[in-house]
Each structure stands twice: as structure tokens, then as C-alpha cells.
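There are two complexes below, and they share chain A, which is joined by chain B in the first and by chain C in the second.
Right after this comes the complex of A and B.
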């Protein structure tokens, strides 16, 4: 049973999504919810199995690599699957609000969302470069139509730009895959390492293409330009998934490549360069977030900034940095999903998200504002929260390796995050003359308010659950300790 | 039973954390229920603190470990120093709750106010019971965040400006502090609070680093302790409602900073190490400058609460000064001021709130003749002011006496000059005020309103009398002074 769990985790949501397409609006919302629940259960079993027995591998159809396709659930994959399950469950419940009634739009949402979920699981479980390429494409191609669900008016341009960048990234990545295949004669992550480490021009080019392609997909500065319009205009549930999971998947690949196929690369300069890109993302994203006039764009630019922290792993490269970077990814995923869902509730109630016109929302939207506040603590990296534990680990790594400039980046990044978050939160408390809202929408139902709140609480709770999570992650691959 | 008993610091935290959650859940409509939660929580906490106080007095040390990372744990602990701060907070929380209930009787957003109010006390309790620097930092930052909604509670643009200044200072301070904490852990592998410190073995090889870390830590803590030039947020934050100001100035925020400095000097570095690195003198000079500067600025203020705020800037640094001088007697003076200043300053702020709420008085010149209309409040105000000046046998005198003796025994005679100058300055900004309230004719027409309502007056009388008692009965073992002598006995 256990060795089939990876297959189930991938194909349950994939097939569920396809079937939803075929069913049309029939079976809504029971069918997709049942699929989501099964997927979550399956992932939890899988994660439990990885936690107690270590990595699980499954060769599909019994064909071993290099001939067959191999699915592998190790610690890193397990924590990412877990994050996807947690955020996915919350988003699925939330989506009952805006996408719960049978309609063509709801059909598309659920079908695409389940496809996206399956593709993400497949991506985390893939153990060879080509498989990763396919899943990466699946993720992109189910994410872009989801952005379009917000209505054609504002999202076509955003989706097109997203598509352009995504395709460019894919091409770059595919080029890297092709060169690697030429060099190594295999695409299995565990087998291509020696060929990529030989230091030749071709190997360098392959590594550069792989890293570059993923960086574009991860929206790391200066390739971030597609992210804010796409995440800022998509429906709330979609934005949450995109920011918490989809871009995170790309950064995950970067961590995966660096510690496995590219581990032999003596890349001090590349590592510092990646770190510098991370720092640039932190500063630029935060400053842009501070300058936005719309709530959702603030949250979107915050994603640009927060992804930068994960890149600080590369120059620090000790096991504390590994723990810190991954934990940051998890904490950010949970907190950012909460922020986007809460923002969605604000928009549902007020009808817009122009910051200057928001005020006094703490009463009608108490739960959502509360959720926003809790998640913000983690985003700012203040204790007690998951974001703080991650920041502590990264800071310790910076001090331990004597690279104090990264410590300064972390500290300043936290202050910048506080600046743009507080700028938003103050509108909850501001009492200005005039009615709070001109034409108020319905107060968000419990189904829409609680997922955001629970995610926000989880973001805080993650300040206390680092030990078991990091035990599941299982330490920096290849580290001696 | 014993495990439950051992975990007392956790229960003490929980009493106010649970109260906060319940108050948030009850929300705005359930006013009576919220009051019940608030008062029950405060009383329960007082009882638990009492039990803990008894245990610690008999030499027991409570400790709770919550492992967080392989080599890092959240530690809640109660030693004698903890209990000094925890008891002060528990007592004043109950009193301030009663005061705030009366003060905000018809104000909007009370659920939000009392929710964050309880969170604020949770954080303060966490700071008191923190057993290592990491835990201390967690609650230190939690306090920053929990207090902000209280500062901006009124929601007008002046409060928002004050809130922004508050966060700019405290978050920047917190960031600097965090860097210091990480460095301590990296250097010594532990940030535990151990009586006498645990860094002495590093003094030979890493003295430069130790000095740098000390500066980072004290700069971070100095923001909340309002050490000049890091004090800028405190006077602007007085736009908050009176109970918040009272809490901010007497127990929560500024005391958290001062208490942190005490912990760093005594339980991380150790007095000997601080003195041998020459950091004591540096700290003493910073504290002295703050004492004088705060007093001078207080004289210039025309707004009552602003004058009190600058007075706080000055008075809190007595604590730092006592610690920095470092002799046992000076330490006693510094630590006992943690309680004395709290009692006196909360009385003064309660009175200021009473004046504002009953007669709409904010500026000092409007206070003329108020003594005849509000004799009880004004009497307590007078006692608080005399205490601040240091008139024997009031609490402030006990502080200054020990500080002076301690300075002499440490051979630092210049501290006496600082104390004298500060006493004169205190008199300059309090005595004319007292003259106004008692001897000038009233400017306002008599509108038939007299004393503050009982909900305000009760707490005022309680804290006023307590501040007098702290001075009068200082010789008893259960007085603040008696307890502080116990702490110092155990420390040296």
C-alpha cells in the first residue's frame, strides 16, 4: 500500500480534475471536495510514512531508471506535499464561497484547481529532469487559465505576460535538460550529477540554463514583472495558490537541483550571485509593496520579496540555512495564503481594495482582519511565528559562517516587511469621517472567513512546531552531521 | 500535582492569554461577559502569582522547557527577580483593568481594547518569566505588537502618527536586539539566564565581540527603556487613552526594557564582566544623561501627560543607573525603583486620566484650583509627586538613598551629583504644579461636578496608598525593598 501512495497522490487529483471537465457543472461542489479530501488524506498517509520510514520510491510500472519513471518522496518532497495539502484544503473550503454554485466558471475553477494540485504533487515527487519539465508545464498551463477566471477585463494582459515569461522559462529549462542528456545520457536526478560537475563549458551551460529557467518561473528579480499583475488580479483563491505554492514549486526546484545534480559544482560565485538576487528581491519587492495603492498588489509584491529569503540558502549553505530556507518556504506559504484569502474577503465586502478608501473594517470583517494580522506577524518575521523561526535559523547561519552582510539583509528585510504591513494594517484602526463602505457587499460567510483565520493561526503555531517539521525534512542532503 | 505546580509560570501566562482569546471571541456585544472574563483572569493571575511568590520565597525555582529546535528551547522560569516584576504586573493589571473599565465605559471598540490589553499583559508576564534570551526576545517583540493597537486605539490621525513613531522605534530596536541575541547564541551556544552570567570564560579571547554584543543588546532594550536618544516615541505615545499610558509607563513597555537591561547585566554577562569590560561606566553615563535630559524636558512641557512622560524618561533610568554602578546597595536602589516608579507613576497617570475624564483637563494651566473640587484625586497626585521628588519617607526617597549609598561604596561620587541635580529638577517641575492645584483660584466655572467617579477613584486611591506604604514600611521583609534585598543577597 505504502509504495502506491505517491502514485495516488498524483493521479487522484489529476483524474478528479479531468473527470470534472467531463462532468461539466454536475457534481459540484461535492465531487471536487471529495477528491480534495481524498488527496489530503493520501498525502497525510504518505507524509506519515516518510516520517516513520524515510524516503519512499516507486518505479511506475516496475521499470527502473534510466528506462522507467521514478517517483520519490524524500523529506523535502514530503514537507512540500504537506504544505500543498494544508493550503489546498483551506483553499478548497474557501472556494465553496465564490465558486460553490454550479456554473461554467465554477466547473473551470474546480477542474483546473484539481489539475494544478495533481501537477504540483507530481512535480514534488518527480526524480528526473524531464519529468520535472512535464510537470512544470502542467503547473503553468493549469495556473494561467485560473488567473483568467477573474473575468476578461483586467486579467488577459496579465495572463498573457505570465504565459510569455513561463514559456521563456520553460524553453531555457528544456535547453538545459537537452544539454544534460547529451552529457550524461540520463535525466535521473541521482545520475546526472557527475556529468554536470565536470566543469566544462557544456556542463556550465546546462547548469546555467536549468537555474535560469527555474529563476524565471520563480519570479526572482529581475524576472518578477509577470507576478504582481497575475497574482494581484486573479480570484482570491487562485492568488493564494499561486503565491503560496506555484512560485514556491520553482524555488523548490532550485533547492533540489543545488543539493542533488548540481552538488558537485564548485559554485561559490554562483552561490553569492543567487544570494545577491535574493537580497535584491527582498529589497525591491518590499519597497514596491510599500508603494502600492491596492491591497492585493501589496500582498503580491510581498511574495516577490519573501521568495528572496529562500535564495539566501545558497551562499550560506550550512544545515541551519537549509532548515531556515525550507521552513521559510513553508511558513510563507501558509501565511501568504491566509493574506490572500483575507484580502479576498475584504474585496467581497467592500467591492474594491483601494487602500486609501479602506477604513474601520475591524468590526464587520473581524475574523478576516484578525487573520491578516496573524499572518502578518509571520511575514514580518516577528515571534512567535513560523517566519520568525526561519529568520532565526537563517540569521544563525549567517553569523555562523561569518557572512554578516546576509544577516544585515535579513534584519533590514524584516523591517521593510513591517513597514509595508503596518501601512496596510493601520487602515483597520483608522477612524476617518464618512461611512466605512459606500455599497457594502455581503459579510463573508464562515466558509470564507475561517480558512483564512485557521491559516493565520497556523502561521503563528508554526513558531512552535519547527522541531517535528525539520525532523521530517531530514537535514541538508550530503551534510556530514 | 508536582508537574502542574512546576509549570506555574505557564499557567500565569495562560491566565491572561486565555482571557485575551475569550474577550476577542465574546466581542463587542457581550459587555458584561467580557468584564467577568477580565476580572476573573486578573484575580486568578494574582492568586497564582501569590502561590509562586511563596514558593520562590522558600527557595524553589519554577521552570518549564518547551523544546523548539534541537538546541533551542523556550524556557519559562521563576526566580526572585522574576517575581519582583511579575508581582508588580499582576497587581497593577487588576487595578488598571478596573480603572480602564470605568474610563472607557462609553467608548467604542472596547472588546478590541481589552483583548489587546490582555495580550499586552501576557507579553509582560512572558518577559518576567523568560528563562533565556531567546524566550525573552519572543515576548519582547510580542509586547511591541500587542501594544500598538492600544496606542492607536482612538484611531484619529494624532494616534496614528504616535503609533507609527512607536513602531519605528521599537521594531528597529527589536531588530538590533535580535542581532545581539543571535550573536550571543553563536558565540557561547547558550543564552540562558544564570545568576552571575555565563560569558566570563570568553572575556579573554572575545572582549571586542562581547562589547559589541552588549552595545547591540542595550541599544535594543534602551529603545523601550527610553534611554536618550532612543526615547523619542514615549512622549508622543501619550496620546493613547490614560489606562494605556499608565500601563506603558508603569509596567509594560518601559519596564520591559529596563528589566531586560537588568537580565543582560546580571544573568547573561554578570556584574564583574560588565565592570571589567568598562561597560558599567558607559551605561551609567547614558543613564545619567537620560535622567538629567528627561527632567529638563519635563519642565518645558505644558501638557500634563507630556510632562509625566518626560518624567518617566528620567525616572526609569534610575533603574539602569543602579545596575550600571553595580555595587550591591546601588543594585538594591535600582531594582526597588522598578516597583516604586511603577506605583508612583501609575498613580500620577491615573490622576491625569481622572482630571481629563471628569473635567476635560489636559493642559497644566487648566489645573488651577482643581484640588478643591477633586480633593482625593489631587491628594494622591500630590503624594505621587512628592514620592517622585524623593521626599522622605516616601518610596522615591528609599530609591535615591540606596542609589546614593551604593555610589559612595563603589567610589563613584559623581553619581551623587546626578541624583541631587535630578531631585532639584523634579522639584522644579512638580512643585509649581502642586502650587497650582491647591492654591490658585479655579479658572473654570463650577459646574457642580466634583470628584472622579468611583471606578476611577478607587484605583487611584489604591495605588497612591500603595506607593506611600512601599516607602513607609520599607523595612518589612514583604515590602518591595525587603524582596529586592533578598534578590541581591542571592545574586552576590
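Right after this comes the complex of A and C.
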């Protein structure tokens, strides 16, 4: 049974999503919720099995590579699957609010969301380069239509730009796959390493294409231009998934490639360059977040900034940096999903998200603003949150390797995050009293308010769950200690 | 891999270059989509080239990768074209179509 869990984790949501398309609005919302619950259960069993027995591998249909497809669940895959399950469960409950009743839009949302979930699981479980290309495209093609659900008026341009960048990024990645196959005669992540290590110029080109393609997908500065309009205009549940999981999947691939197939190639110069891109993302994203006039764009630019922290792993490259970068991805995923869901509640109530006109939010939206505050603690990296643990680990790694400049980046990044978050809270709490809006929207129901709050609480609690999570992750691959 | 430049390789490189140039310089969504497709064809040509270079004659695995890639490219392009059409009808003005897809 255990060895079939990876297959179930991929195919349950994929088949559930396809069936949702066929069922139309029948079976809403029972069917997608049942599929989501089964998927979460399956992933939890899988993560438990990885935690107790180590990596699980499964060749689909008994066909071994290169002909067949191999799924592999190791520590890194397990923690990412866990993040997807946690955020996915919260988003599925939240979506009962806006998409709970039978309508064409709700059908589309649930079908696409389940497809996206399955594609993400497949991406984390893939163990060969080409399979990763296919799953990247699946993720893109199910994520972009979700953005369009906000209504055609404002999202078509954003979706089009997202699609162009995503397609270009994955083709660049595929070019890297082609060169890698030419050099190594294999696509398996674990086998191509040696051939790439002594492949010379061609291997460098392959690595450049692989990394470049994934950087475009991860919206790292200067390829971030597609992210804020797409994440800032999508429906709240979709923004949460996109920011917490979809871009994270691309950064996950960077970590995966760097420590496995590209381990023999990784030069200091490239590592410092990637770190510099991360620092640029942190500064640029934070400053842009501070300048935005719309709450949702603040949160979207915050994603651009927060993804940069994960890139600081590359120049540091010690176990603590590995732990810190991955934990940052997890903590940011939980906190950012909470922020977007809370923002969605604010927009549903107030009818807009113009920062300067937000006031009087405290009473009717108490729970959502509470969630926003809790998640913000983690985004700013204040103790005792998950964001604090991650930044502390990265900071220790910077000190340990004697690269003080990255410590400066981390500290300034935290201050900038505090600046743009506190600006939002100031508008929400401290403005002159008065009616928030003339016509108030519905007060968010419990299913919409509590997922955001629970994710916010989890973002804080993650400050105390670092040890078991990092034990599940396992140390830096290839490290001696 | 002889010293004479392989015309097939040159064609692949040219497609990649033209596609990249088009993607970077053009703003119009339709032109960008075309540029992406040209770049994609360059990638597929590269894969075919890799298949020929493999020891032991043409290797079927890159061919299978090209087929998969073409299927993905076709569906993504179709989606992109639908989006371009939607954005154009919006720009044209008040002709708001019902959300039917």
C-alpha cells in the first residue's frame, strides 16, 4: 500500500478534477470536497511513511525508466507535499464561501483547482527532468484559467502576460533538458549529475537554460513583471494558491536541481549571482509593496520579495542555509495564503481594496484582520513565528560562512517587510473614525474567516514545529554532517 | 559532429535566435505568441538533433519528448489565442460577450 501512495496523491486530485468537469455543477460542493479530503489523507499517510521509512519510490505501472515514469517521495518532496496539503485544505474550505453554490464558475473553479493540486503533487514527486517539464506545463495551464475566474474585465491582460512568460520559461527549460539528455543520455535527476559535472561548456549552457527557465517561472526579479497583476487580480482563493504554492514550486525546482543534477557544476560565481538576484528581489519587491495603493498588490509584491529569501541558499550552501531556505518556503506559503484569504474577506466586505479608504475594519472583520496580523508577524520574521526560525537559520548560515553581506540583506529585508505591513495595519486601525463604506458587503461567514485565521495561527505555531519538520526534510543532500 | 557546421543545427539555432528576439522586442500579444512558437520549434529541432547525435543511431526518447512537447505547445497556443481574442474584443469596445468558456 505504501508504495502506491505517491500514485494516489497524484491521480486522486487529477481524476477528481476531470470528473468535476464532466459532472458540471452536479455534485457541488460534496464531490470536490470529498476528493480534497481523500487527497489530504493520502498525502498525510505518504508524509508519515517518508518520515518513518525514508524515501519512497514507485515506477508507474511497473515500467522502469527510461521507458516508464518514476515517482519519488524524499524529504524535500514530502515537506512540499505537506505544505500543499495544508494550504490546499484551507483554500478548499474557504472556497465554499465564494464557490460553494452550483454555478458554471464554481464548476470551473473546483475542476481547475483539483487539477492544479494534482499537477503540483506530480511536480513534487517527479524524479526526471522531462516529467518535470510536463508537470510545470500542467501547473501553468491549470493556474492561468483560475486567474480568469475573477471576471474577464481586468484579468485577461494579466493572464495573457502570465501565459507568455510561463510558456517562454518552460521552453527555455526544455532546451536545457534537451542539452542535458544529449550529454548524459538520461533524464533521471539522480543520474545526470556526473555527465553534467564534466560536460564543459555544453553543461554550463544546459544548467543556464534549466536555471533561467525556472527563474522566469519563479518570478524572480527581473522576470517578476507577470506576477503582481496576475496574483493581485485573481479571486482570493486563487491568489492564495498561486502565491503560496505555484511560484514556490518553481523555487523548489531550483533547490532540487542545485543539490542534485547540478551539484557538480555549481560554481561560486553563479551562486553569488543567484544570491544577488534574491537580494534584488527582496529590496525591489519590498519597496514596491510599500508604494502600492491597493491592499492586494501589497501582498502580491510581498511575494516577489519573500521568494528572494529562498535564493539566499545558493551563496550560503551549508546545512543551516538549506534548512532555512526550505523552512522559509513553508512558512511563507502558510503565511501568504493566510494574508490573501484575509484580504479576500476585506474586499468582500468593503467592496474595494484601496488602502487609503480602508478604515473601521476592526469590528466586522475582526477575525480576518487578526489573521492578517498573525500572518504578518511571520512575514516580518518576528519571533516566535515560522518566518523568524527560517530567517534565523539563514542568518546563522551567513555568519557561519563569513558572508556578512547576506546577513545585512536579511536584516534590511525584515525591516522593509515591517514597513509595508505596518503601513497596511496603520490604515486599517488608526485612521479617522467614520463609516468604512456606504454600502457594506456581506460579513465573511465562518468558512471564509476561519481558514485564514487557522493559517495565521499555524504561521506562528511553525516557530515551534521546526525540529520535526526539518527532521522530515533531512539534511542538505550530499553534505557530510 | 563534424567540423562542417551542421545545417540542421544552424536552422535550430536560427529559430531559437529569431524566437528569442521576437519575444524580447515585440509587445503585441499575437506576435509574442508567434515568437514563443518559433522558439519552441527551435527547441524541438534541438531535441531531434540530440536524438541523431546519440550513440547507436537515432534515439527514440527525444522523439517522444518532441511529440509530447508539440501536444503541449498546441494546447497552450490555443489557450493563448483564445485569450488574445478575448482581450481584442474587449479593446474594441463595448462588445461584451457572455462568459461562455
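In this section, the second predicted complex is superposed on the first by the 476 of 481 C-alpha atoms of A that agree within 3 Å, B and C clash if a C-alpha of one lies under 4 Å from a C-alpha of the other, contacts with A are read in each partner's own complex, and residues count from 1 in each chain.
In this text, contacts are C-beta pairs under 8 Å (C-beta built on N, C-alpha and C of every residue); 3 or more make two chains touch, one makes a residue touch a chain.
Note that the structure is a prediction, hence the values are computed from the model and not measured.
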item: Chain B versus chain C as contact partner of A:18, first or second or both or neither; value: neither
item: First (chain B), second (chain C), both or neither touched by A:205; value: neither
item: Touched partner set for A:415, first chain B, second chain C, both or neither; value: first
item: Which of chain B and chain C A:156 touches, first, second, both or neither; value: second
item: Residues of chain A contacting chain B in one complex and chain C in the other; value: none
item: For the chain C and chain A complex, residues of the former touching the latter; value: 16, 23, 29, 32-33, 36, 39-40, 42-43, 46-47, 50, 53-55, 59, 61-62, 65, 68-69, 72, 75-76, 79-80, 83-84, 86-87, 90, 99
item: Sites on chain A touched by chain C in the complex; value: 66, 104-105, 130, 133-134, 137, 140-141, 144-145, 151-153, 156-157, 159-160, 163-164, 167-168, 171, 174-175, 177-179, 181-182, 185, 187
item: Residue numbers on chain B that touch chain A, as the complex places them; value: 24, 27-28, 66-70, 72, 74, 109, 112, 137-138, 141-142, 144-145, 148-149, 152-156, 160, 163-164, 167, 171-172, 174-176, 178-179, 182-183, 185-186
item: Touching residues (chain side chain A, partner chain B) in the complex; value: 360, 362-363, 366, 370, 377, 382-384, 388-389, 392-393, 395-396, 399-400, 407, 411-412, 414-415, 418, 422, 426, 429-431, 463-464, 466-467, 470
